[in-house]
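I am attaching a structure below and will ask some questions about it afterwards.
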Amino acid sequence: MPRIAAFGEVMMRLQVPGVETLAQSSRLEYSFSGSGVNVTAALARYGHNGALITTLPETPVGEAAIAYLRKLGVDTSLIRRGGKHLGMYFLENGFGARPGRVTYTDRLGSSFNTAEANQYDMAALASRVDVLHLCGITLAMNDGVRGQMKQLAAEVKRAGGRVVFDCNYRPALWGEEGYAKARPHYEELLALADLVLMNEKDALYILGTAAADYDRITQLKQAIPAVAERFGIRAAAGTHREINADNTHSLTGYLYRQGTFAFSRKLTFPVYDRIGAGDAFASAIIHGELQEYPQQQTVEMAAAAAMLAHTIPGDTALFTESEVLRALSDFTLDVER
Amino acid sequence: MPRIAAFGEVMMRLQVPGVETLAQSSRLEYSFSGSGVNVTAALARYGHNGALITTLPETPVGEAAIAYLRKLGVDTSLIRRGGKHLGMYFLENGFGARPGRVTYTDRLGSSFNTAEANQYDMAALASRVDVLHLCGITLAMNDGVRGQMKQLAAEVKRAGGRVVFDCNYRPALWGEEGYAKARPHYEELLALADLVLMNEKDALYILGTAAADYDRITQLKQAIPAVAERFGIRAAAGTHREINADNTHSLTGYLYRQGTFAFSRKLTFPVYDRIGAGDAFASAIIHGELQEYPQQQTVEMAAAAAMLAHTIPGDTALFTESEVLRALSDFTLDVER
Amino acid sequence: MPRIAAFGEVMMRLQVPGVETLAQSSRLEYSFSGSGVNVTAALARYGHNGALITTLPETPVGEAAIAYLRKLGVDTSLIRRGGKHLGMYFLENGFGARPGRVTYTDRLGSSFNTAEANQYDMAALASRVDVLHLCGITLAMNDGVRGQMKQLAAEVKRAGGRVVFDCNYRPALWGEEGYAKARPHYEELLALADLVLMNEKDALYILGTAAADYDRITQLKQAIPAVAERFGIRAAAGTHREINADNTHSLTGYLYRQGTFAFSRKLTFPVYDRIGAGDAFASAIIHGELQEYPQQQTVEMAAAAAMLAHTIPGDTALFTESEVLRALSDFTLDVER
Amino acid sequence: MPRIAAFGEVMMRLQVPGVETLAQSSRLEYSFSGSGVNVTAALARYGHNGALITTLPETPVGEAAIAYLRKLGVDTSLIRRGGKHLGMYFLENGFGARPGRVTYTDRLGSSFNTAEANQYDMAALASRVDVLHLCGITLAMNDGVRGQMKQLAAEVKRAGGRVVFDCNYRPALWGEEGYAKARPHYEELLALADLVLMNEKDALYILGTAAADYDRITQLKQAIPAVAERFGIRAAAGTHREINADNTHSLTGYLYRQGTFAFSRKLTFPVYDRIGAGDAFASAIIHGELQEYPQQQTVEMAAAAAMLAHTIPGDTALFTESEVLRALSDFTLDVER
Amino acid sequence: MPRIAAFGEVMMRLQVPGVETLAQSSRLEYSFSGSGVNVTAALARYGHNGALITTLPETPVGEAAIAYLRKLGVDTSLIRRGGKHLGMYFLENGFGARPGRVTYTDRLGSSFNTAEANQYDMAALASRVDVLHLCGITLAMNDGVRGQMKQLAAEVKRAGGRVVFDCNYRPALWGEEGYAKARPHYEELLALADLVLMNEKDALYILGTAAADYDRITQLKQAIPAVAERFGIRAAAGTHREINADNTHSLTGYLYRQGTFAFSRKLTFPVYDRIGAGDAFASAIIHGELQEYPQQQTVEMAAAAAMLAHTIPGDTALFTESEVLRALSDFTLDVER
Amino acid sequence: MPRIAAFGEVMMRLQVPGVETLAQSSRLEYSFSGSGVNVTAALARYGHNGALITTLPETPVGEAAIAYLRKLGVDTSLIRRGGKHLGMYFLENGFGARPGRVTYTDRLGSSFNTAEANQYDMAALASRVDVLHLCGITLAMNDGVRGQMKQLAAEVKRAGGRVVFDCNYRPALWGEEGYAKARPHYEELLALADLVLMNEKDALYILGTAAADYDRITQLKQAIPAVAERFGIRAAAGTHREINADNTHSLTGYLYRQGTFAFSRKLTFPVYDRIGAGDAFASAIIHGELQEYPQQQTVEMAAAAAMLAHTIPGDTALFTESEVLRALSDFTLDVER
């Protein structure tokens, strides 16, 4: 099976168990995650070789991260070691009217964000990769990392590989200038991408068009094809989420390919841990596209994979294709009854 | 009772429970500590008002630190809030032939180490402080912090207060230049200090004299009085530690005052957690000096306080004067039998 | 009060705490259970002497099982020791769209399932038992255990005692032949039983009649009396469960006795741990029959006992009669409002 | 800001983690609470100086209580030490149809309940207090404590301070005589109080009028003004709670002041830990009154504070004013959508 | 085998896990113990029927105590229910120079200590008991309990049973009058006792003789026979403990019977939990006397049982006779090498 | 680097945390281990490709085992899936005079022990392996497994690889016939082996010679060369362990190669977890031989690796070569002082 690599940061997640706050508790549970981690781990469960390209420090914390990635089934042979720190964040669970809270430590000083471009052998990496996954959060870090993303994507294309780009535009990470600062970088990556994860907001930003007063679906159907055409993108996908009054969430997935939209059924379910659900959706879309599944099958499977990702502690979804299909069919039966 | 303030950093201690490594475990226990925390908390147990002067971020992590300090009995009213991060370190316990390990995160980017001098009202702070505690580890941080230490010490002296300085010279923190870089800063602080925690190595560094081939006690008796005379220091104190073949440690305390040395009995004991024992010793010396206890009584009590600090989880000793005296007398009885 | 004995296997339940999977976690919580354990423990709470007849290994695992049974209040004086192993199963909790999972270890090699008939003194056991409880899961094990069940039931009848049989037909345990293989064994036990736990599916299997296209209640009202008449069964009981859209469950109990059906109100409630609820229902039916409570009172109480069994961690319900009655009356009041 | 003191008992709360019973588990989590603790800790979060007046034993348990109070931000400088014990209670969580259970140990023998009046210097305490909080549960303890409450309230009034009284009439604590025994004590305290927490039941008891067949709001609007007028009370407040079929609760707060009622919107939310919500409401009312916020703003904020108190483990709400306002505005937005 | 009953209190032990103090931790582990619990549980492991005579409250705490006793194998059928509370104590482990601490709650208000004599049917209890165990700690409680002890012991003697009395004189429990107050009660019980656990200090108190300047063994050999003769005691036993410099303990057991002393070898071993070792020794002496083992065999076994009791968490030793014998023989081999 | 494969069983280790027994506790910690796991994981840390050849069930337990092996760094690509169970054992820690206990579940029914020879493609496996590790414990299982070991070893030799055999003769596993039954199988494997782990007892068994009355070193020097010559073994190695009075252990390693013995210094150290130390020694010997280190260097390093293996929870040593060398040099310095 093809080797899929993600270029991105590994962060240490330090979570207060239960619903206590940091000021109340004295214990933490830790794991390691990141968009690239989630995507390569999920694709490994689908039978692919999922490798991470990143930089981790040569410290006990770096060792712990690598052991954790191995446990997830991520291929760690492309990881370089160097720098001093790992990005970290503290997670306090909310309950009811009390929202959860995330507190970051100094992310920009991490091994990944301070690595220099010449420390990666981009051509050699590209030669070992069939599909490259990149994420808009990484793009927001700094000029060094942005340069590395573009260089690696260009090398992969040159070597005949494919590029997946998850827009994930987060205004807070781009400072006061916002999309004005982000735009040229997004455009460079969209021009290199074959498959893009984006929603109507991403598309409108890219097109520079204000959101019209239409509903989301109409906006989606207008903006996504326009973006795809402008940048020569083969396929685009994403989800719409609703949060219901009874604390359940509803998800609908969509997959646009060569002029046609496919929408999954709307899935409604309770939520244990929401983080990483978008990566689970993206992973299943990548899997479906690589397997050349029918468009409808791929989007249904991806929505079910995203739903399952809400049911498991930690950021990283750990489901085989057959588990995803079973969740989908159980759900369907339940609805039909 | 007088208000004793320490100027220093609060760090978050993230410890793997038991003897697993970070790569084996998935749980951490956290607390907050630092030399200033340990000293003010210990002095609070002796009945003084112990306040910390520091900067903590306005985040849930900063809130947790303040709540923890309050629990220790530290007066938190002089703490300013600002900056982004808290310094952190991971602690893995060793066992037998396997040494424990400490891994720091980015300490220089902490709220304390990035605060600017004009963010503290030095004169106002000095007016509320009778005794100021400073530590050589803080002195190693950066020029900003060094300037703040000197400015605050000078203001306290001007306002009629006293200054305690714990040399704590750590070569690794001063880079390649080592003591050549540290010397002018140490000399400035020694000139302001009334009571200094130092051992013969510190004294020889300060004097610029190589260690002669004498035993430690002889070195001590030569170097400490010379340093005290040169810088006008009223009293100096410290400990000698031996690690015994059966994993017990032995401590002997000394207190030099106006030409005379007093030595405690040598105390031998098993060790649960060694971190913070020096601060426990320093705290008891400060307490004894403030109470104007006889020199021998103060040094015996300080050695017993240091011994007790080895018996409790966490960096911070939490013993009242009567508990320290009981440990001292039990120990004595045991020896006499 | 009469001595009630159950003949059946004790299994060790190894549960991953929280909602992690076995591959994510590193901790387990263990307890010991089984249909016979659940029934005798529940009857002990109602004031009866509930004893278990089984075989447990003379190992630390066997010791732990016996200590656990004693804690539950089960009379352990009829347990023989021998063999090598205890049956075990791993339990991973599900969440939302992700189902829970049960993984068995080698059950057929357990001390109970490898014990030989002559290792029990059936006549002596029967002489100490007023009511014997047997379960269809045990019947599915192997010929040895089946023979022991029949022999013990026959001895108890001969000694003037009563036999309770819980059909609990599980197709998966009988292999490809299914009910064809099970039928003669079920018929032998039904002929010996005074009180039978069964639902309409069990009854239709026994009668060899295909399920007609009627609703469940109609099927029940046709099939149960027919079975009771054919085998001379004094009373039969069971529950109907519905799983609601909001994850609550609803239970309705029924008790058939001498030509008349009594139905409990339908109880609707949230679920913590579903395992063992059927045994809680059966226990309360046995208690009501032994106390000769009115038919309606018994079935209402049994439904409330089953409801409570869903609210407690572990397989074994631990409620006194007054706690069951309180739950019933609180529930009733709540409904009436 | 003014110093607010509460006179009341500190109790040790010993809670079985999860939903096991005391007979199933072997672990407890402990904290320290009480009406006065909850109110002063909450007011400290709003920026006031919140001090507790109580008696705690000079034992390790007493030390632990004081450390816990300090962590909460309670000013512990008015606490006296003496007596032998701390009141304690065990808490077992319920689930669904199984109610939670509270088991008290010997409360009347506690340091607080056995302290004698002359052990407090009432005049000195009163001179350091701007607002005094008292609670009807304390009033139910014994004659000694009742006398201390009245004496301290009178001293505070004499010194120009204000008195807040939370009726909290619990019939079970007053024995067979019930309100007949309680009445004279309630009347004395109401005569001293400026702000009273009470609902229509409390008011009807006080007025000696049977509940008419009106709805709760009508009863409230008739009885509260009558009580306020009779006893010269400046303001009165409380909440109405509804428990909904889906296990959510709904709260509506009211604040009566100078002839006018203000009602908060009805807030509906899931519940993690209900204990202490009334104290959170009372604290926000006190804060609003001290800040002289508009009546409607105070009651809305107090209802939101009570709602948040249901979302956090432990009895004591730990929210800043801005967190309360955010919960209120998020809730409002959510409702408007 | 004979039924051995102990009359005594059950206490709840609330232990801080690890070596943290109550002020540092937030978790407790609980169990239930007492001299009578320890002795009857140990004798149950030796194959006897060990029953406890006590009073426990009808609360969830009382339920938990009974379930725990059942798990230990104690016969709970002679326990009566009533009163309100259970005696409790908090246990903080020490380490090295820091001693462990025990903090009691209100013991005198416990169900056991407030039960009245007419609530036990002494004659009926005595008729079901072959050997009665009593302890000097119980004797120190109050006049009510003292009267019950004497009445029950007298009834057991009348019914032909034997009485074991463990002197366990604790000066702190008898107040200022000390042994002057205790003497008449000790004399009454010694006159009823067949087997007495005592050491030379107990014997000298009883004889009213000051400790001569002899070594412990000489004192023992003089005082024990004198006491035995005066009160007609058939056998007496006890241990001498030494605490060694390396934190190991050494125990030597002795058993006096009809004019002859037997001493065990001195056993030296590390200590996990010291509480309950004396009860383990007493239990093995009782077992040896009931089995009529040779005097030397009994005292060796009892010393080994006491040694093993130091190796297990909790107060109650849980070892079979064969485990004790194995520890003894392993130890012996080790010594002989 | 060469690929080293071990053929052997993976077992699930279920350990009671702390020093409680299975009957006292309710929690377990689990991990996965086995001689082959330990050796391949250790060699992976030394930079080799360490792969395991085994059979694991396709169940959640099997998934957890594979994830755990991946975390250890073991190459899992040669593992086949099938069968039903995993061998398991319970581990209770001892303390002082109380020995630890191991209780096995049904090992012979495990996936590994019930796999059939034709389910492995022996030739294909051999073609991917440079060094094969086999263990005498596996040889004791059953004829099927024995046949697979021999077949695989023969194929590896045919393909030009090397075979390492760890004698590990455990009399208890071979039943009443003992070495008479084991001999032909040992001889077949010794004839195929290049490097053998054995001690003087193993060698004497193999030679069929009774242990003479010589000391262990003399026996070793006589028997090992004789065995090596008879079976054409290139190198042999092992350790001598002493257990000291203060609970420390001492290890001396030896390595025999082409007529010459090298002995390590005797290392003395405290012990946390003894299981797996032999595998750590074997792994370092294999590494040294593959790297063609000097004989003395290899045996010193292997002894230090075995020492370190005693300091870490779990069976599997996780140390890099530089960590082993540091432990060796620290130890040496310590001794030289």
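A, B, C, D, E and F are the chain letters, set down in written order, and residue numbers restart from 1 in every chain.
Following the convention adopted for this analysis, a contact is a pair of C-beta atoms (placed from the backbone, for glycine too) under 8 Å apart; a residue touches a chain by one contact, two chains touch by 3 or more.
If you want to know which protein each chain is, UniProt gives these names: A, B, C, D, E, F = Sugar kinase.
Source: prediction; values computed, not measured.
S.K.: Which chain pair is joined by more contacting C-beta pairs, A-B or C-D?
M.R.: It is A-B, judged by the count of C-beta pairs in contact.
S.K.: Measuring centre to centre with CA averages, how many angstrom lie between chain C (Sugar kinase) and chain E (Sugar kinase)?
M.R.: Computed from C-alpha means, the inter-chain centre distance equals 42 Å.
S.K.: What's the distance between the Cα centroids of chain B (Sugar kinase) and chain E (Sugar kinase), rounded to whole Å?
M.R.: 47
S.K.: For chain A (Sugar kinase), what residues touch not just one other chain but two or more?
M.R.: Where chain A (Sugar kinase) meets two or more other chains at a single residue, that happens at 21, 23, 26, 67-68, 246.
S.K.: Between which chains is there touch?
M.R.: A-B, A-C, A-D, A-F, B-D, B-E, B-F, C-D, C-E, C-F, D-E, E-F
S.K.: Mind listing the chain C (Sugar kinase) positions that touch chain D (Sugar kinase) in their complex?
M.R.: Residues of chain C (Sugar kinase) touching chain D (Sugar kinase): 246, 267, 269-272, 304, 307-308, 310-314, 318, 327, 330-331.
S.K.: Using the touch definition up top, name the residues of chain A (Sugar kinase) that touch chain D (Sugar kinase) in the complex.
M.R.: Residues 18-21, 23-24, 94-99, 246-247 of chain A (Sugar kinase) touch chain D (Sugar kinase) in their complex.
S.K.: Can you list the residues on chain E (Sugar kinase) that touch chain C (Sugar kinase) in the complex?
M.R.: 67-68, 70-73
S.K.: In the complex formed with chain B (Sugar kinase), which residues of chain A (Sugar kinase) make contact?
M.R.: 14, 21-23, 26-31, 59-61, 63-64, 66-68, 84-85, 88, 90, 92, 101, 103, 105-106, 109
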